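The following blocks contain the structures, represented as structure tokens.
Shared between the two complexes below is subunit A, which has subunit B as its partner in the first and subunit C in the second.
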Partner chain A sequence: MATSSVSKGCFVFKPNFKKRKISVPVEDYFNKGKNESEDSKLRFETYQLIWQQMKSETEQLQEELNKNLFDSLIEFLQKSYSGFQKNSKDWGCQIKLREIPTAALILGVNVTDHDLTFRSLTEALQNNVTPYVVSLQAKDCPDIKHFLQKLASQLTGCCVDEESKEGSTQVAQKKTHCSMDSLSSWYMNITQKTDPKMPRKKRTSSSQWQSPPVVLILKDMESFTTKVLQDFIIMSSQHLHEFPLILIFGIATSPVIIHRLLPHAVSSLLCIELFQSLSCKDHLTTVLDKLLLTTQFPFKLSEKVLQILTNIFLYHDFSIQNFIKGLQLSLLEHFYSQPLSVLCCNLPEAKRRINFLSDNQCENIRRLPSFRRYVEKQASEKQVALLTDERFLKEEIQSLLENLHAYHSNYFLVLRCLHQFTSSLPKYPLGRQIRELYCTCLEKNIWDSEEYVSALQLLRDYLLPPETQPLHEVVYFSAAHTLREHLNAAPRIALHTALNNPYYYLKNEALKSEEGCIPNVAPDICIAYKLHLECSRLINLVDWSEAFATVVTAAEKMDANFITSEERNEIIHARFIRAVSELELLGFIKPTKQKTDHVARLTWGGC
Partner chain B sequence: MPHLENVVLCRESQVSILQSLFGERHHFSFPSIFIYGHTASGKTYVTQTLLKTLELPHVFMNCVECFTSRLLLEQILNKLNHLRSSEGGCSTHITCETFNDFVRLFKQITKAESLKDQTVYIVLDKAEYLRDMEANLLPGFLRLQELTDRNVTVLFLSEIVWEKFRPNTGCFEPFVLYFPDYSIGNLQKILSHDHPPEYSADFYAAYINILLGVFYTVCRDLKELRHLAVLNFPKYCEPVVKGEANERDTRKLWRNIEPHLKRAMQTVYLREISSSQWEKVQKDDTDPAQLKGLSAYTHVELPYYSKFILIAAYLASYNPARTDKRFFLKHHGKIKKTSFLKKHEKITSLVTLQLLTLVGHDDQLDGPKYKCTVSLDFIRAIARTVNFDIIKYLYDFL
Partner chain C sequence: MMSKLELKEDKMLEVQFVGDDDVLNHILDREGGAKLKKERAQLLVNTKKIIKKPEYDLEEDGQEVLKDQNYVEVLGRDIQESLKNGSAADGGNKVYSFQNRKHSEKMAKLASELAKTPRKNVSLSLKNDPEIMINIPQCSKGHSASDKVQLKNSDKSEFLSTAPSGLRKRLIVPRSHSDSESEYSASNSEDDDGVAQEYEEDTDEVILNQKIPSQNRAISAPVCKETPSKKMKRDKTSDLVEEYFEAHSSSKVLTSDRTLQKLKRAKLDQQTLRNLLSKVSPSFSAELKQLNQQYEQLFHKWMLQLRLGFNIVLYGLGSKRDLLERFRTTVLQDSIHVVINGFFPGISVKSILNSITEEVLDHMGTFRSVLDQLDWIVNKFKEDSSLELFLLIHNLDSQMLRGDKSQQIIGQLSSLRNIYLMASIDHLNAPLMWDHAKQSLYNWLWYETTTYSPYTEETSYENSLLVKQSGSLPLSSLTHVLRSLTPNARGIFRLLIKYQLDNQDNPSYIGFSFQDFYQQCREAFLVNSDLTLRAQLTEFRDHKLIRTKKGTDGVEYLLIPVDSGTLNDFLEKEEEES
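Moving on, here comes the complex of A and B:
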């Protein structure tokens, strides 16, 4: 590609996307190796079904948990709205300060979950209170001008009826220089135009209100600058009679931030009420309850896996979204790597599928450690039959699966009884096994009572750990290390592996090499990286460049006719410079003033 | 026309100064007048009432709303336009980008018949915001009479003294007028003036007396006091309404209202609870002490590792660097063992929560420095939840 240009310009040539990228369907990933590709399509479908069900369960849960909060917020908004409409001839109303009704919503430090909450809140408000609901984020509003612009553009997007189409052109002009006055006049236009008798497309109850208030949600209040907030509140409080505004502050820490961000003169313009959302720990308990401590879903997590997920939650981020993502990852990984997961579905379907198990799958079952233990306990004739006769095996599997299912329903029943039994005790922490231990330890005064002995009996009979049950590997996912690898990434290790051993990721046969050797055809950055590993704290760029050139020229058998050796040297030099800049970007080296033409090495060892 | 003294109380000397400055309608007045005083000392109210009562042509602008100079200038011109064509002619929106245009358009507009022979007043409220706008606005407005060669006077209302306004390059010095704070007698008079129609003036005046007795030490703001007066008046009238006392039983009424006012001072005055909640409490007759104010909710639940990062940040922020060796040579087992796998994410999230703030230059990308912004009580509460005695490690407590 050439350009004709007089000046030394820089041109960008974009590749043409004539060749459409062929995306591999997800199911094909399940056909990994011969052993694990059994029933891959069925496993994938089962995974999808279970995940859909789990997802809708969590969404329903979310709605229910938010219900209380949203209902109280809606009540607050309705009360404030009626305050707006109150007869202003009342003596009290004339003299009192006209305050902006404000809801301070304490949501907790898991800021990643807030987005979802705000989306559902916006929907709930639009259905019940007013169509004019606007959300703003601090990063979009560095100053008051952008604040008002974003507010105006979202407001005009709120009304989607026919009437607004004429008004939209004039408002688009106002976008360039919008002010509080233009917002007030927009509001007056829009509320005069809407005739309550005309049928509306979407909103039902909110259309009955004559002039619905404008609700402004500030999603992350801590991040807003004081000046922007102050100026906006002062301005809008002066225009309150023509632009009825209600504010909702999304607060992650505590309401003290309001007094920290706003001086008394400004917070006295607000009428603030507090609303708290459910604590995230309680949310986690409910999620666990609905998704795992139930026979509704056949999929279960082993103790270690559950520990990892709850530890990430409790120790790192309190994020329910990430917990659910971890759960989805576990589910996918289980169906991907365990060929017997084809039986991990509801009991009637599983019994049906047993009949279609291939010989390979039967062998897989025979190899399960829990099944082997089971076989050892049987009489010798039965042992032989189980190990050789496919039909007999399948019948046995049917009854084993039924037992597993019964085990689970009893387990959770008794667990819940025990929980109810001991729930009035102080200090019961989260987690099934821990909770039970704690309870039994604390209950000193019922050591001798009959109920305790019978409870202990129940425990012994029904609350056996799942590892004792045959065929438990079918439904239990226990590859904790895989999960940890995926969720707690170690970028340094990955980088080192990629640079040191490019075959691991690129899977190019030519890149295979023994330990310590550098394949000449490796990418430039790998060669530069390997060379730099042999250097000490300060690396001489000239030596490095020469070593690089040596390695690279050994690889290339370039056509001598094509390029002169000088050009070739220049190309290699350019490649070296590129590789060095990439290493600098990744943080392995940095320029230093201690010696000229040297760079300082920043990392040692593997990571 | 309502008499000025009935509408504007306790500001006789200021009103008379202003009136003598304005002079007759067609007289040229002083080009710029700077009025300053504390909040709620009547600057806006007196100016507006004076101009309206005397029916002088004026334009009232609040500089808070004008975050660009263009907004300010255009709004002044458009409002003037409305003034001159108040007979009902349709008005086109005037656009104006610079002060130069403003002067030119201003001269055009004030040529109109209705505005020709009298002083036009431009009032700029919250004038301290002018200092943050373009540098030529303030000196321009100070000299507007001279620049436009018209009969115009600009009034600046502000809470900040003139010395903080004066630009370095010099300007035309305005006439400076100070509105002193209202004395307690003035406040009594003004507050008792607007009594509810159902009750006698004396009854209300006695109530105001009690109110001022409780609040005057902490609050002199007239707007705030009026608001509090209205909020608490129903409680004051309660014994009378219930028939337990009549309007003259001052002692009984005082005994009823005084503890209530004291509680109001700690809650609704500080905006710990909202005024609507306060009214509800009074109506339902519940004990206001049960309502928890905003400051009661200080507890923030943080993930485990974030607590340690915060504690470490607090120690790093408040201990001098040379003392670190002394405290941390023998590593506290817990801090060393925790593997900060997601350190970066957590630091960013702590900054988002405003528990840490970035100090130093923005362009120091490779070595950002943070400072911990939480209070000692907060960090002690957090340290207690992880069994870490932070006081032992703080230099200030040795």
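Moving on, here comes the complex of A and C:
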């Protein structure tokens, strides 16, 4: 079945049912093309195990880190809510009744991590404060109508969950017109309905109040249009006595934004309290601490890899989620490409696995650079034994792995120690964060660095760079370029390279040329590209096509003379057209009406 | 073996942590031992050193942020390690730079330089093509090298003024103010923006001023006139700032004024183009095959990574369609998958979602909105974890899919655990489609797959530059639809066509007003009430044969959204048949 057609763009392929049922297990793709004797099955299992552990560790970490924030948020909600409850006639309270309690949650610019925070926040609030927690995103609420509709549908959705599906009527409501009045009456309804019944188990915590408040989370406060926000706040403050609302603003930038978005008349209707989430840098430190600076996980990153991951974090997105993704990719690549990663597991298990190593794997060990260095240092008869006797080799590996393990447990201990010493020194000569110190130590002998000076000699034996350790390849992932390639790609530079220097990809001697030049036998698109670099804003197609023809004709082999020159010219023109349309597709040029038969350049680089 | 430690508990280090203050006291107090004294001295020295060094004089956070230099270094490292990764080959400063002034003859100059580039076959080519050799020495400033190219192809110049009739038919338009000699205006007939008009007058003026018989000379002359002074200026100040403003200040475009029409070359249609290109023998096929083989070895790894929750995006020069197609036929045969041609001009997120709901999930109902449909799909896939779907999108960055909404929806689909997305991008700014939020939905792994394959399919739909819009598709659909209509309806439509063709040269024509149209139809006995006409128009509109538009005066105007060439062809065909 073809996948090209002039009448449609989607092609569905459904294999017949029987075939489909036997879906290929994931590990088969891992094992494909791998030597059976290199323990690929075991390696994949180990990968899965370690990744699961790391993942749950980070999740747990996130929870712990959020705990403080959530606790204070919940406390705030409870406190402000008790205001609603006291039906006091006191004047101050009356004023307060008009104010919507609002928590401004400063979350930082790492928007990709926010979702996770909000998800656990919603959960925490539902367990502790009120079943009615709704979150809205700006993209769903272009105007107040959608805002209210979305709010209503989510609220009724909440209560459908709670009140054993009596949905049919509520679904109809979805379509109907929504207003604050209808929301208030819905709220009245729902609280009256539930009140007489005894609270169910799920309610126990929140049932301390007769009518629980409605918490509305605006996930990305900055993106909401001012009008929508203002209208909603004014309206809901009018209905506050019958619709007890509490707002939570998710803010990525700074709290000033509230006052920039809302005029004084509106912001005075809010009773705002600020909450600051943990800074993402601290978060990163904790994640590193728990996942890498520990012997709990056998897997380690080399200095370059760690540097790339932290750089992506610091320079691109501040996203913990992306950092973890990078870590996952490193882990996968390590187990995928390093046959000996089968020994990258906890020590007792690794020792057990050594006994089952195949001949092939023993060869792999002998080929490790670190192991070869180690062998060279041994006495000659031991060298022979290591290189010929499998049993002897395996015993030696046992002790080497033990040493590696001991090296790590001491390493991290001493590293933390050194960090404690130096992190409070003025100007932070060895960095303020432990990860900086760690990077330095991974890279070189720390005592060689100018900043260090022999102050802490005792550490010398323990902070050796990992490359000095035999078998370090088993646990260290060092292919930094793979990570950079797959996580932080630069497609435009790749395009430029391919167009400007085809020899980089096509290793043909005819394409070799000195810097900045291009041989005339290069692919058509490269020649057209090179020529267009010589033009300013607009390019005359006639000139361009003739210049192209000049180059291509010169390059053409003259034995192709059997076709007439007219036909040859036509073909060259066709090639030019193809090259130009391809450059258009790539976004280097576009048609323009400014001048007849001209195209406009869209880029300025590459000269 | 450096470390003599063994894994026995007693030999392991034990460190007790002491509070910061205690440590500081310990260091700074006199009571420390000899070793500590030494340590203290050195620490002090160290601090002094630091104070002296200006680059360490940063704010407290300064240390935290690595220097840009370091960063670039780290990212640019290991160039040799990865052969395929073009990203590392060139630094960013080459690719991202300012616009600067270029002279129009530069391209031709480069062309002749490239033409003479010493190659193995160069002597041969020079022998057979003496013109090129002659060109080179002449290629000094002040002369448009394109002239010489023209000389070389002198056999063509005699045809210069006789544009192919097919082209003339479309392009040449009677105009009161343009003299018959100037062909420039012709192709501008459709541009009703002022720039073109203004420009056109310029050219006329130039021709008058120069009064040189050879048109080519006349055209290149203004360029020559301006170059020397500009060049001098630039020689004096090779200042980047100067250049920048120079490039940006002048709105005047200094390019030669020749048009394709003067060249013998007609716009080719898609079919001819294909035929011509099929005669080109591919070069470097061995190297290209090798490249492709490298990528094919990754197929299983891609599958693994897709199944583990990543999505894969392919980038790099050359069509990736064949590669993805091979991927599909090698590893996806036994799984449900949808191939989406992003470059297909009629593609939309709606159609993608429709093929998922209707063909993959066999759902026959309709949805109120795209978002509803998305929700439904998401729920379906979350409920049934045994469901698995591979999406293969060629050109995720195409015109039709690059919008924010489309990307958001595709991103949401791809973030599902049991939907796997494999996509290709080509546009150089494609990554700008994705903000952090979308990137995290997509969870991309990037793979560079430079193939150098021609974008045959991808460019075949778009009405690309220099390719004649054959109009065969709209023409055949016109004929088909009209054939199914009543004779009266056909008459009505023909009336509209004729009126539109009569007005094709009127730039302010916005359509046939409904009232006038009704009047004419009545006079031709085609309708008897405006209700029947309206019913007929609705049918036309449903077939997308006409478009209606309310004018500023509130009157309804009718327009056929097909170019006049096609309409002419259609009328001719109709007459032939009847």
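Keep in mind that, in the parts below, the second predicted complex is superposed on the first by the 406 of 607 C-alpha atoms of A that agree within 3 Å, B and C clash if a C-alpha of one lies under 4 Å from a C-alpha of the other, contacts with A are read in each partner's own complex, and residues count from 1 in each chain.
Convention: a contact is a pair of C-beta atoms (placed from the backbone, for glycine too) under 8 Å apart; a residue touches a chain by one contact, two chains touch by 3 or more.
The structure displayed is predicted, hence computed values, not measured ones.
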Partner chain(s) touched by A:367 [first = subunit B, second = subunit C, both, neither]: neither
First (subunit B), second (subunit C), both or neither touched by A:181: first
Which of subunit B and subunit C A:55 touches, first, second, both or neither: neither
Touched partner set for A:234, first subunit B, second subunit C, both or neither: first
Partner chain(s) touched by A:267 [first = subunit B, second = subunit C, both, neither]: first
First, second, both or neither for A:223, with subunit B first and subunit C second: first
If touched residues of subunit A are counted for subunit B and for subunit C, the larger one: C
First, second, both or neither for A:257, with subunit B first and subunit C second: first
Subunit B versus subunit C as contact partner of A:11, first or second or both or neither: second
Partner chain in contact with A:79 - subunit B first, subunit C second, else both or neither: first
Intersection of subunit A interface sets (partners subunit B, subunit C): 111, 281, 314-315, 317, 488, 490
Residues on subunit B engaged by subunit A in the complex (per definition of touch): 39, 62, 64-68, 70-71, 75, 194, 196-197, 223-224, 226-227, 229-231, 233, 270-271, 274-277, 294-295, 297-306, 341-342, 345-346, 349, 352-355, 366
Residue numbers on subunit A that touch subunit B, as the complex places them: 79-80, 83, 91-92, 95-97, 99, 101-102, 104, 106, 108-109, 111, 143-145, 177, 179-181, 220, 222-223, 231, 234-235, 238, 252-259, 264-265, 267-268, 270-274, 276, 279-281, 313-318, 488, 490, 590
